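Two complexes, one shared chain (subunit A), two partners (subunit B, subunit C).
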Partner chain A sequence: MLEAKEVTYRHPGGFYLLENIHFSIQKNEVVGLSGVSGAGKTTLAKILAGFLKPHYGTVNIQQQKRKAHPVQLIWQHPEQAVNPKWRIRKILQEAGNMDDTLFNELGIQSEWLTRFPQQLSGGELQRVCIARALMTNPDYVIADEVTTMLDPIAQAEIWQLLLRMADKKQFGLCVISHDRHLLDKVCDRIVRFEELSYD
Partner chain B sequence: MTKKVMIPLILLIVLYTTSILIDKDMIQVQLLTKNHPPSLEHLFGTDWLGRDMFLRTLKGLELSIGIGLLTAVLSTMIGFLLSVLSTIHEKIDQVISWLVDLFLSLPHLVTLILISFTLGGGFKGVVIGLALTHWPQITRVLRGELLQLKEMPYVQLSGKFGQSFWWKVWHHYVPHVLPQLLVGFMLIFPHAILHEASITFLGFGLSADEPAIGIILSESMQYLTSGMWWLAFFPGVMLLIVILLFQSLANSVKNDLERDIQHEAFIEHSATNHSASENKSPYS
Partner chain C sequence: MNIQQLTIQHQKTNRPILDQLSLSIQKGEIISLVGASGSGKSLLAQAIFNLLPKSLQQTGEIYYQENLLTEKTVKSLRGKEIVLIPQSLEALDPLMTVGKQMKALIKKGDKEHYLQKIINQLGLRTELLKKYPFELSGGQARRVLVAIALASEANLVIADEPTPGLDEHALRDMLQLLTTFRTENRALLMITHDFQAAREISDYIAVLYQGEIVEVAPVTAFSGKGVHLKHAYTKQLWRSLPENDFTTVNNRLR
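Presenting the complex of A and B:
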């Protein structure tokens, strides 16, 4: 179980963005996290995935010691999450050994591998980022508004993929979005961001 | 590589190889031909001991270019290493910034003379002195770049995929700052040569028996008043030419590296694939 307890965070010199947050997610569970824009959903995601350190409180992950982080975050903007100077092949290799069956399942075509990130569309690049996160065999995946900039068809494809992979590889999936309809569709359980903190 | 890169590069290589090929025995004392002004036989004239100034100048340039390259490589390496270290922790960064400010606040030449003098002068003293005084500028540039790069999501993600710090340095940092590294290296080079010449001229650098440009210039000062202008003029001009060549090389390499490669690749790609992808829809 991935569990955040009493997590408190503020940006340096700023106000408290997260105060006394409690959040937990089981393996093989799809949890939706909804909240208004600016509430701190992305900050919480970064804390859970180890990008930021909370000022107070703990994040407990039950896991064995491994090279890659057990919680993988898929960023809202895939073009920021890849080195613009690298070709797709190298971007994927950074996360581990190339896994052709995974690429097939995610619909990553072999001719993408020699291209630069700018030569792929947002949806295509997001698939690359998802593949990269899954190549590390994570215990938990946090999808932070991953389909916000995509058209409805691409959105549907990405969610089908993610749900199928979560089912197959048995990882806990945390879906962050402000789109209630989407969350109703894909999640086992939905929590509202405002409900996470109680005194 | 464009023509603008190749021309100064080839000229510098030709100059350096010819100067290597010159044997020291060819620059012997020949008192019969002393104090000759420039002629076809002695292009740059001869000095008060009858040595051919053309050969001496080239030999001096060999030493100068060697010292310049060595110190430029050393300073660039120091600069890169320090800027990488400053990305590790805020405290280390503060110490390094303080060191940079300290070295920049001291006059270059004074530090150089002090370091070179403490190390006993000579080749070793000059090289170490030059390397230890020329790193601050490039460190400042690289530090800024790397601190910015460190915060990029794709660099932070690299660690979460289990890659080590030095893997990150080699695969993310080095390619990113390669233009700055190369240009910094090539801008330090002429600086180092000039400083080598000036401390040698002042008597704190290389020993007087080595045919360095600085030695040649400082010796010629005694003979200027007797009208032997060629002793100082030609070596000085040659030094200037080498420095200008290197600077133009640096500028053209910089322009080359700053070309937007992905953008060009994108245009190329869309030009070749446009007709093919036009009627192909992923959902058809």
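Presenting the complex of A and C:
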């Protein structure tokens, strides 16, 4: 289980964005997280994935020792999450050994590998980012508004892929989204961000 | 505005990205252009503003109030008569406070008063005006971009994906705000993949598929099982929504 307890965080010199946050997710569970803009959902995601350290509180993850962080984050804007001057192959290689089976499952075509990020569509590039996250065999994946920038068909495709992979690889999936219909469709349970902090 | 037979193709390969696209929009109308990501939606906005990258070639005509848009006329119209609400949040100047950036576009009258009115309409707090873009959340920044367009006096507003990343309340405010372009008898062309948003505020929805507009449907056609929709792609788009079947077809209609 991934468990965040009493997590408190503020931006340097700023106000407290997160105060006494409690959040947990099981492996093989799909949890939706919704809440108003600017509430700190993405900041919490960054803390869970180890990009930021909370000022107070803990994040506990049962895990074996290994190189990559057990919580992988997939971002809203894939084009901002990759090095624009690297070809797709290099972007993927950075995450570990190339896994053709995985690429096939995600619908990543071999000719994409020699292209630059700007030569792929948003949906295609998001698949690359998902592959990069899954190549490390994470225990948990946080998808932060990952299909917000995509059209409905690409969105449905990405979610079917993510749910299938979560089922197959048994990782816990945290879905951050404002789309009530989407959360209702894909999640086992939905929590509102405002409900995460209590005294 | 009247777009006639607009074709955009790669300079080298002559492969068309937009193929003989025609669309017109009148004062007081909201039209949404929806389509797959990578279908060239944003290129249309770039073409209208004459901002296409040099590697792309454009043929066809765009008229604004009976006048043909050329490199010269666009320069005199953009930012005044026609404004763009850009997709990228990086369009904000990182070194200037939000308030200053908005004030720069208000042409006349009591700037402070007008600014306050817009801020209220947007559901944003006054403190926000003193902030720099990096201090804003994605949703706040997006609303600021619309506020900047609203502050201008343009009669035609092109909004390139104005809604992603907004929570329910912010989305509500945003859509409400976008409809003010209609009540003020201005025209709004919204380029989006956000079907819900398009459905809620548009008069017509134009569906872009493989570089062509396959259907311009009145917004009422998007309901139920979509029996009033004509093109197979439009139907599929409608069915793939999470509140409908959420289905995909593996070999997309190629």
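Heads up, the rule we're going with is that the second predicted complex is superposed on the first by the 199 of 199 C-alpha atoms of A that agree within 3 Å, B and C clash if a C-alpha of one lies under 4 Å from a C-alpha of the other, contacts with A are read in each partner's own complex, and residues count from 1 in each chain.
Assume contacts are C-beta pairs under 8 Å (C-beta built on N, C-alpha and C of every residue); 3 or more make two chains touch, one makes a residue touch a chain.
What you see is a predicted model; the values in this text were computed from it and never measured.
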Query raised in the report: What is the contact status of A:160 with respect to subunit B (first) and subunit C (second): first, second, both, or neither?
Result: second
Report task. Check whether A:179 is in contact with subunit B, with subunit C, with both or with neither, and answer first, second, both or neither. Result -> second
Report task. Answer with first, second, both or neither: which of subunit B and subunit C does A:49 touch in the superposed model? Result -> first
Query raised in the report: In the superposed arrangement, which partner chain does A:148 touch: subunit B (first), subunit C (second), both, or neither?
Result: second
Requested in this report: For A:38, decide between first (touching subunit B), second (touching subunit C), both and neither.
Outcome: second
Query raised in the report: Does the superposition put A:118 against subunit B (first), subunit C (second), both, or neither?
Result: first
Query raised in the report: Following superposition on chain A, which residues of subunit A contact subunit B and also contact subunit C?
Result: 153
**Report entry** subunit B contact footprint on subunit A (complex, rising order)
**Finding:** 49-51, 66-69, 72-73, 75, 77, 80-85, 94-96, 115-116, 118-119, 132, 136, 153
Report summary line: In the complex, subunit A touches subunit C at residues 34-38, 76, 120-124, 145, 148-157, 159-160, 178-182, 184-186
Query - subunit A contact footprint on subunit C (complex, rising order) - result: 34-39, 136-140, 161, 164-171, 193, 195, 236-237, 240-243, 246-248, 252
Requested in this report: State the interface residues of subunit B toward subunit A in the complex, per the touch definition above.
Outcome: 152-163, 171-172, 175-176, 262-263, 265-266, 269, 283
